[in-house]
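In what follows, subunit A forms one complex with subunit B and a second complex with subunit C.
Right after this comes the complex of A and B.
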């Protein structure tokens, strides 16, 4: 008995205790829901059988049903566009802003803090505001575009099937910029000043310094921000719910929203689960990249 | 000691008296009620009246958002934590009844002195009937009609006494009334990708002979072409595709649409928001002499099968049913049964909706209604956005509907 107490106090027992706590937490709050979800995707489940495990097992039929729907390819490409465009713009604008606020000017840190306001706001609120801005008949953005002569015709941002997805992407980019900026700012602050000074003495110009010092030293942060960006973008649900609900005619529908629609609008819960399991598989790959890139964080 | 006894005798006697009084009056039954009403609507306004009329029954109200109601009820049914009485939207009654989750009211209604089955209008009665049994009582009914702005009619040289009667006349009127310079569209309606889109579409389809189980028809194509023309020529806002009825109607109230298709639930809001002269008329028909149709809306009061107080719950349902003559003036519902409505507010509009009710048809009933509805609004959307032509869109919908109906 005393031995146990001793190892917990200052031996390997303490390590095991910590490990157990983390494991119990993970099993209860992550592994169980994921496994439960996988099980549901292999059964036939509706609203009324959700409380019991005893449901007809159908194997991979749900996956076959989902992938054979004509909608599947639309949703897939919408999701690819949504993720890739969101990440590209969030990252480049966020990185640009991070570099900008790295400069020493009065109020720089202050203003950088203010940028976080967007990140703090719930996506539903952001969605409601963007819905006003992007409204077809009375929206602010249309008013600005038309009165400045950019277009003569109103753009129906949310109801034109050729535009709706991009409207959602614009709002999502806006929402994601502060987070990208903040994480990259931290990375930039970690690069020692003297490396730049040495390079400057060697005659390297601003662009050369960015290319050969900033980018390589930021590799870990960029990898982390991109992987987190992919994960967050694939989780983006509220914004779509507030802006277009995936419409019109599914033109702005993406996998995560489709999964919800299947589960809670037509109560085909097993199909909704199948979509989310496929998303989980993809996210696991992304998460592996993320873990690898943070692994390199101490390399310099 | 004596003093203590004397000192305690009073309270003990008092408590004894309380006890006998309580047992004599019997413990009041508390019914758990779920509703979609807000604090100034239907059941909240009726609660005190009911408790006064039936002091032995107390009501405990809980508001659930309309869009969460089915989810929450199904979860509650699965775990056995449900209410005694709840609101259910018309097309969802079959979903719950078919799974044996609702109490069959047929025998109770047969013995009731207040509820008479024959008095309930056929549409609302069909919506609470599943497999020949009655599972709920309609709290009222609603339907849709065409509202129009009389001032705008006069300004554009249209006769407000002769509102559009056919689809062609509706198109012509919308064309004349549309005024982009003033931000005015001819017509506001809803083709949104939800139950509301299906709700607005079905009457048009039914006037041409189709129905929810027969959408792949020439008439269906005609409806989508008519709707498409209104959108393509910007006689209705492109946002018709993403706006529900409430938001669409707001543009009519604001003077940005000259006509609007919606139901009587808009009247309380119009009284304050619409600063112009307005009237209503029956939904236009495909051509002169074509049969009329209209949508049947509103919800029902039902008792869950596992309620511990079915007798008291039915007393509540009966009592709510007896309020039918008041629902128009107090809640903006149309009566769902034959009753005399004295001094209706907005009497001309009431007359229009009262007539419209004669043509109102139920959606379904079918236990998998959400899937049928989705097939229909998906077809509407893909045709109006020109992703597919009306015939192909309706053909795809028909295939999905046939699969649900097991044809």
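Right after this comes the complex of A and C.
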């Protein structure tokens, strides 16, 4: 007993203890749910069999069933649009703002702080606010668009199947901008000013400096922001729940929300699991890209 | 022919007056050192020459045309930064030929000029290395190579050697100087190290607190410092200063608060004026010299570098550093005779600190 206490206090025992704690945590809260999820996606799980582990094994049948549903292609393309458009706009606006705040002007820090508002607010609250902004009859957005003459008619952002997905994307872009801006600001601040000055003396104009200095030096940060953005966007649930619940008629439904609906609304739990397993596979690929992109960090 | 003319240049950072009425004229092909203590505005002046800082008033002309309103890339100047400022994501070759690629020069020309510069600087085998895989000295050479390939009207250096170790620094000094002689391009070289300035430049500009204190050839500054600051800044070890008062005869200097014998000079000075007497360590000796005056001194410390010996000697309440080449054979605590070469005494007004002749 004395010996054990001593190894824990003085020897390698303490390191092992810390390692074990982390391992136990990972197994209990990450590995187990993921594996359990994968197993469920290979079984038939419904309301009646959910309590027991002894369920019929059906192989890839759930995957086949889910992919052959007519809804699957709608959901797939919605998800692609949701992720791609969200990332493109979050990234370009976030990068633009980061570059803008990189210029030293009075109040820059103060203004930049304001942009973080979106980040500290719960997505559910953001969803509620956007629901007001986007409301068809009394929403601010419609008011602005109509009084400035951009459109003559009200746009029913959340109830028109043609625009509902884009309404959710707009709100999600707003939500993601601060994260993009902040991470890219950190990267920009890390590029020494004299590197730009050297380029200026070498004859590079502002655009050329951006193209041949900023972009390549920001490669690691851009990779990180894009891959994390993809992961966060695939996790975005609250906003959809608050704004459209995937509706109307699944026009704004995306994979993560569908998976939840299958599992917890219609109790087709094995189908919901199959959707989430496919998402996990995709996220693993993205995470691998992220890890690789961090290898490109430059030291100055 | 003048290559760079700086006329009455002023620079303000908000309420801070960083450069005050700077006037400098630089001949084509000369090597000019801007020297002064840290924070005196050397980098600021260099950066205004490059166009990286805006000026508040005054004019800068390069090869006869005013460049005040021109952006850096239209001034045809190249700069070597203290931090080297290499492009971290480009290998040595691309670091050096970036400017030519921007100008879309023909490929064979780019390759030839890059190779020539790399050869000159001994970077031949390193062309495909990234900056992070280079030593400090190699990075410094790449930074120089980047400037050389451009063949600019003016080279600007901002303390380019301050991040190198002492031996390499001394070596690079002569390399840069040789390179300058070969390229014959006008160079402005910022350093806080007066030895660097003295050994490399043919024209030195001494600055303090944003003001040009004096400019001229290295030996001019050494032999005829215009004020006490320049006298103390140029020369190593620094000049000794003793407070003195001119006696009623206008020729003798009485060391203040001391009853030791006065120093009698063959000059006409204002009786009663309060001065600093400046004595270079190498103008003090332990053996008699022509036209000297000897004082009793206590040896307070002896430091030898082998070839040179620096002795701190107490004369009454003053401490004087004596530079002696070789080994003088004096010991701490000994009382010796210190010989002062009177014709080499510099005098400065104690109010204005300006040099006093007479």
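Keep in mind that, in the parts below, the second predicted complex is superposed on the first by the 269 of 300 C-alpha atoms of A that agree within 3 Å, B and C clash if a C-alpha of one lies under 4 Å from a C-alpha of the other, contacts with A are read in each partner's own complex, and residues count from 1 in each chain.
One rule holds in what follows: contacts are C-beta pairs under 8 Å (C-beta built on N, C-alpha and C of every residue); 3 or more make two chains touch, one makes a residue touch a chain.
Worth saying up front: this structure is predicted, and the values here are computed from it rather than measured.
Once the two complexes are overlaid through subunit A, subunit B and subunit C fit side by side, free of any clash as defined at the top of the document. Comparing subunit B with subunit C, more residues of subunit A are touched by B. When the two complexes are overlaid on their common chain A, residue A:216 makes contact with subunit C while staying clear of subunit B.
In the superposed model, A:47 makes contact with subunit B only, not with subunit C. Judged by the touch definition given at the top, the superposed model places A:199 against subunit C, while subunit B stays out of reach. Within the superposed three-chain model, A:267 lies in touch with subunit B and out of touch with subunit C [touch as defined at top]. For the combined model, the angle formed at the CA centre of subunit A by lines to the CA centres of subunit B and subunit C equals 150 degrees after rounding to the nearest 10. In the superposition on chain A, A:244 makes contact with subunit B only, while subunit C stays out of contact range.
Once the two complexes are overlaid on the shared chain, A:208 sits against subunit C while remaining clear of subunit B. Legend: residue contacts after superposition of the two complexes on their common chain; A:152 is shown touching neither subunit B nor subunit C. After superposing the two complexes on their shared chain, the closest approach between C-alpha atoms of subunit B and subunit C is 52 Å.
Overlaid on A, the two complexes show subunit B and subunit C touching no common residue of subunit A. For subunit C in complex with subunit A, the residues that touch the partner chain are 50, 52, 71-73, 77-79, 81, 83, 85-89, 98-99, 102-103, 132, 146, 150. Subunit B contributes residues 70-71, 74-75, 77-79, 99, 101, 183, 192-194, 237-242, 251, 256, 370-371, 374, 378, 381-382, 384-385, 387 to its touches with subunit A in the complex. Looking at the complex, you find that subunit A touches subunit B at residues 47-52, 135-138, 156, 158-161, 244-251, 264-268.
Partner subunit C is touched in their complex by these residues of subunit A: 192, 194-195, 197-205, 208, 212-213, 216-217, 219, 298-300.
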